[in-house]
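All chains are identified by letter, namely A, B and C, in their written order; residue positions are counted from 1 within each chain.
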Amino acid sequence: MSENEIVVEDPNAPASDSPAVTSTRSVDIAVSVLLLGFAALMAFDNWRTGMGWAADGPQAGYFPFYLSIVLGAASLYGIVTQCINREGAGKAFVSRDQLRRVTQVFVPTLAFCACTQWLGLYVASFLLVSGFMRWVGHIRWWKSLLTGVVFTITMFVTFDLAFDVIMPKGPLEALFGH
Amino acid sequence: MKQSIALKFKHVCMLTIAASAGALTCAAAAADWQPTKPVEIIVAAGAGGASDQMARMMQAAIQKNNLMKQPVVVTLKAGASGGEALLHMKSSAGDPNKVLIAYSLIYMLPLSAKIPFDWRDLTPVSVIALDQFVLWDNTTLPYKNVKEFVAAAKAANPPFKMGGTGSKREDHVLTAFMEKKTGAKFAYLPYKSGGEAATQLVGNHTAANVNNPSENIEVWRAGQVRALCVFDKERISYKAKVTDTQSWNDIPTCKEEGLDLQYLMLRAMFLPGKVTAEQTAFYVDLFKKVTQTAEYKDYMEKQALKPIFLTGADMLKFLESDEALNKSLMTEAGFVAN
Amino acid sequence: MEAFGLLLHGFQVLLTFKILSLMLVGLLLGIFVGVLPGLGGPNGVAILLPLTFTMDPTSAIVMLSCIYWGALFGGAITSILFNIPGEAWSVATTFDGYPMAQQGRAAEALTAAFTSSFIGSLVAVLMITFLAPGIASFALRFGPPEFFAVYLLTFCSFVGLGREDKHKTLISMTLGLLIAGIGMDTVSGQLRMTFGFEELFRGINFLVAVIGLFGISEILLTMEERLALRGHAAKINLRVVWSVWKDLPKYWATLLRSSAIGCWLGITPGGAIAASFMGYNLAKRFSDDKESFGKGRIEGVFAPETAAHASGTAALLPMLALGIPGSGTAAILLGGLMVWGLNPGPLLFVEHKDFVWGLIASMYLGNVVGLVIVLSTVPIFAAVLRVPFAAVAPMIIVSCAVGAYAIQNAMFDIWLMLAFGVVGYVFKKIDIPLAPFTLALVLGNRAEDAFRLSMIGAEGDMRVFWSNGLVGSITTLALILLFWSLIAAGIKKMQGARNGLKHSG
């Protein structure tokens, strides 16, 4: 390795020949169906609100109602073309390895949001940074903990103390009177 | 009246100290409950609006004059035209570290948008100011006074466009009130903010608006709009010149001009429901002190607000009658959702 | 020279210790987020936005725009050294930048990139400086119908000129418009699409959506890929800088052409991406030696970078004057403007002179300081890429959450951000474009209000959209753009038919 190069390795990278979990086409159709359902729901709600044209212009539900119709039509068009046109069927939406990696970030993020709700943002942030570094990144314990602590304290000082941007807090901060 | 209560508390306190029985309980209870966390002033409007500016003035006044140990934070909850703030206050029952800076939306939103809220769910602390409404038109229009303006509005076809903030709110109600009194018809255009209503008036896209003084002061000073009359029983008291020729005091009342119509908007502080009497007493005292600061007085004059301080039973009486007035106006205008 | 006096005033606003240090912090933070994988200009600005919530607007915008300049500079570092374009508009920079780095000319390429960014921004700022004083009075002519026509133009140009499948653009846009409509309807004062759910009363904030769509989804997408990278280190010394600058006059035509393209596409909602490609392609077309492009030609770095930066800067003008963002970042700055309590529009130029001219002056100063910083710190920032992604990813997620929460102090918004993250991830993978979605979110309400206010004013008469020259021409242009692909096909057909006639005849 010459001095002129920066190299970062990624030993856990998803293998390029990992089998596909699902095809882009199936996801495309699934999303279109969901959007169609969403459009129907919105159309119903706006019809209830009033989608007519009053004397002084459209009512509150007028625009959203027709937008839902357009959204529904566009989704339907998507479903139909995907069903007729089978070209994209072979294209993988996500491979098994990729899904594993995405889950590795998504699940901790979900847990982080839940923790923020109960424990406050700062505790959750410490848990996320340290935990992620340790278990996903396989970084040494002390490095992970130290990074988590330093990062969380920096955030706290920056937002809550320096800039008066108040973050959600939990029982731990309450102990210190915040 | 409030002060006498505070004094009485002090007396009781001194007695107990003299008896040296429960000095601690006394300090905790009567002698000034103190907030233990930063106090949030909840603003039911967007950044830069009148409520926000007022909240920031109070924040500065409290901190500069050391009226309270804990810091003050301003939190904006402008969603659903301020409904978000109301619901937030309602769900914070028992939390003495939040105060709402309220205006007439506390009566109007529950009526027009069916937001499940009643100001009786909260604890009234004090009314700290009244905001004026002024009828403005563009200086390039030929109508120099209310009479000419109303006559032209009556004859106009298509009707004059009246700009304002929001729908089925103060400006809209006042417009409907004016229609009723004068017999003229207006096409009311609800903008997102008073600033936008001001710009649109300057650009001649509307013929008039009923902005609060603070919303139009810049364009008035620039000579782009004309103040026709103020919707109050008496003229605004501030006599310092704002434009080259006029002070706030030079604007006639609408009654003087033959349009007998009064409308004022309260600016009041509320705590959430279920707070203790000591906690309320602390804030009554705090805002009383705020109204005596230079920052407050300066702000009142700059924004042409009407100073007032009501609390306790006086405030309740005021709220009841103000609500009744707004409710009847809204009902007549057909703004109440069913 | 009204503009000159105002500009001087702007510099006076800037020259305080506080603002200068905020500029410096902003630039460094910006370069940092620009270099990091999975972040870039708009995302970086969106995530760092909460830092500015309690500042006064002038400090806030100066800091944010410096973050933006920094991110643009940072993006060039990764494009050239690692062949990783941080942004779609850096793609064209990699065509010749990376080959140059491979040939050991990384320092030259970087200098070229930074210098041309600087020139592009400078030209655009000059244009803004001289147009701004006139803008205020022009923009006062905009009433509801005019505003609606401009919004319509923006939407139509996306549908008509977008390269994606039309139905997917349409899905993206209508979905955005619907979501923007949730909550209180200003014109009628009614709640809609909330289903009685109190958290939805306040509506869905545009910035929360953007943080999810770009921040969270980008992390998910980055994780999917192989994170190994191999690139070139570079040290820039004065000799290299001088050798590049010495040759600048030779490329005046390229620089000027790219700047002009950038300014034009920045004001119209074409955007920086189109500008960078167009700049590159035109430079290639006008070159005597077309073959050498793509093999490490310095002009191939100059052309796209100049155009991208000119357009990114020019996009701020319509944002300030009319509240119409010409780029993703401009849209986020627009969101910021509203959080700080400023209404974008003509009066901004009258009532908030400090703000507008402070911003304009900061563009000059920020670019000069940015150029100096970035030239001197490339090795340090290139090393940022060595920090393991496992440490960077959670920090970005936390920053996103802070950003999403701080906008409206609502826990619900953190959940929304997560949901938008998933939506963004899926949409990107099935080729539903996100740009129309964000545009619709930010403009949806304004467009609808403008339309309904026009209707109230005109008593329901649609002819109001052709009631004067200004509004009429914008509306007509919008309709032409909407059906552009049909019209273009029609023209082609006619030409084809004519040619066919010639041949047969």
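The rule is short, and it goes like this: a residue touches a chain if its C-beta (ideal position, glycine included) is under 8 Å from a C-beta of that chain, and two chains touch if they have at least 3 such contacts.
Remember, it's a predicted structure, so these values are computed and weren't measured experimentally.
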| item | value |
| --- | --- |
| Central subunit by CA centre of mass proxy | C |
| Pair with more cross-chain C-beta pairs in contact, given A-C and B-C | A-C |
| Averaged-CA centre spacing for the pair chain C and chain B, given as whole angstrom | 39 |
| Euclidean distance of C-alpha centroids - chain A vs chain C, Å | 22 |
| Interface hub residues of chain C, defined as touching at least two other chains | 185, 187-188, 190, 409, 456, 459 |
| Residues of chain A engaged with two or more neighbouring chains | 56, 164, 166 |
| Residues within chain B bordering two or more other chains | 75, 187 |
| Chain C residues touching chain A - in the complex, by the definition given at the top | 50-51, 53-55, 81-82, 104, 167-168, 170-171, 174-175, 177-178, 181, 185, 187-188, 190, 192-193, 195, 216, 219-220, 223-233, 382-383, 385-386, 388-391, 393-395, 397-398, 401-402, 405-406, 409, 411, 414-415, 418, 421-422, 425-427, 429-430, 432, 448, 451-452, 454-456, 459-460 |
| Interfacial residue positions of chain A with respect to chain B in the complex | 56, 164, 166, 177-178 |
| Chain B - residues contacting chain A, complex | 36-38, 40, 71, 73, 75, 187 |
| Residues of chain C that touch chain B when the two form their complex | 140-144, 183-191, 198, 201-203, 338-343, 345-347, 350-351, 408-409, 449, 453, 456-459 |
| Residue ranges of chain B in contact with chain C within the complex | 46-49, 52, 75-81, 83-84, 87, 112-115, 158, 161, 166-169, 172, 187-193, 195-196, 198-200, 202-203, 205, 218-219, 222, 335, 337 |
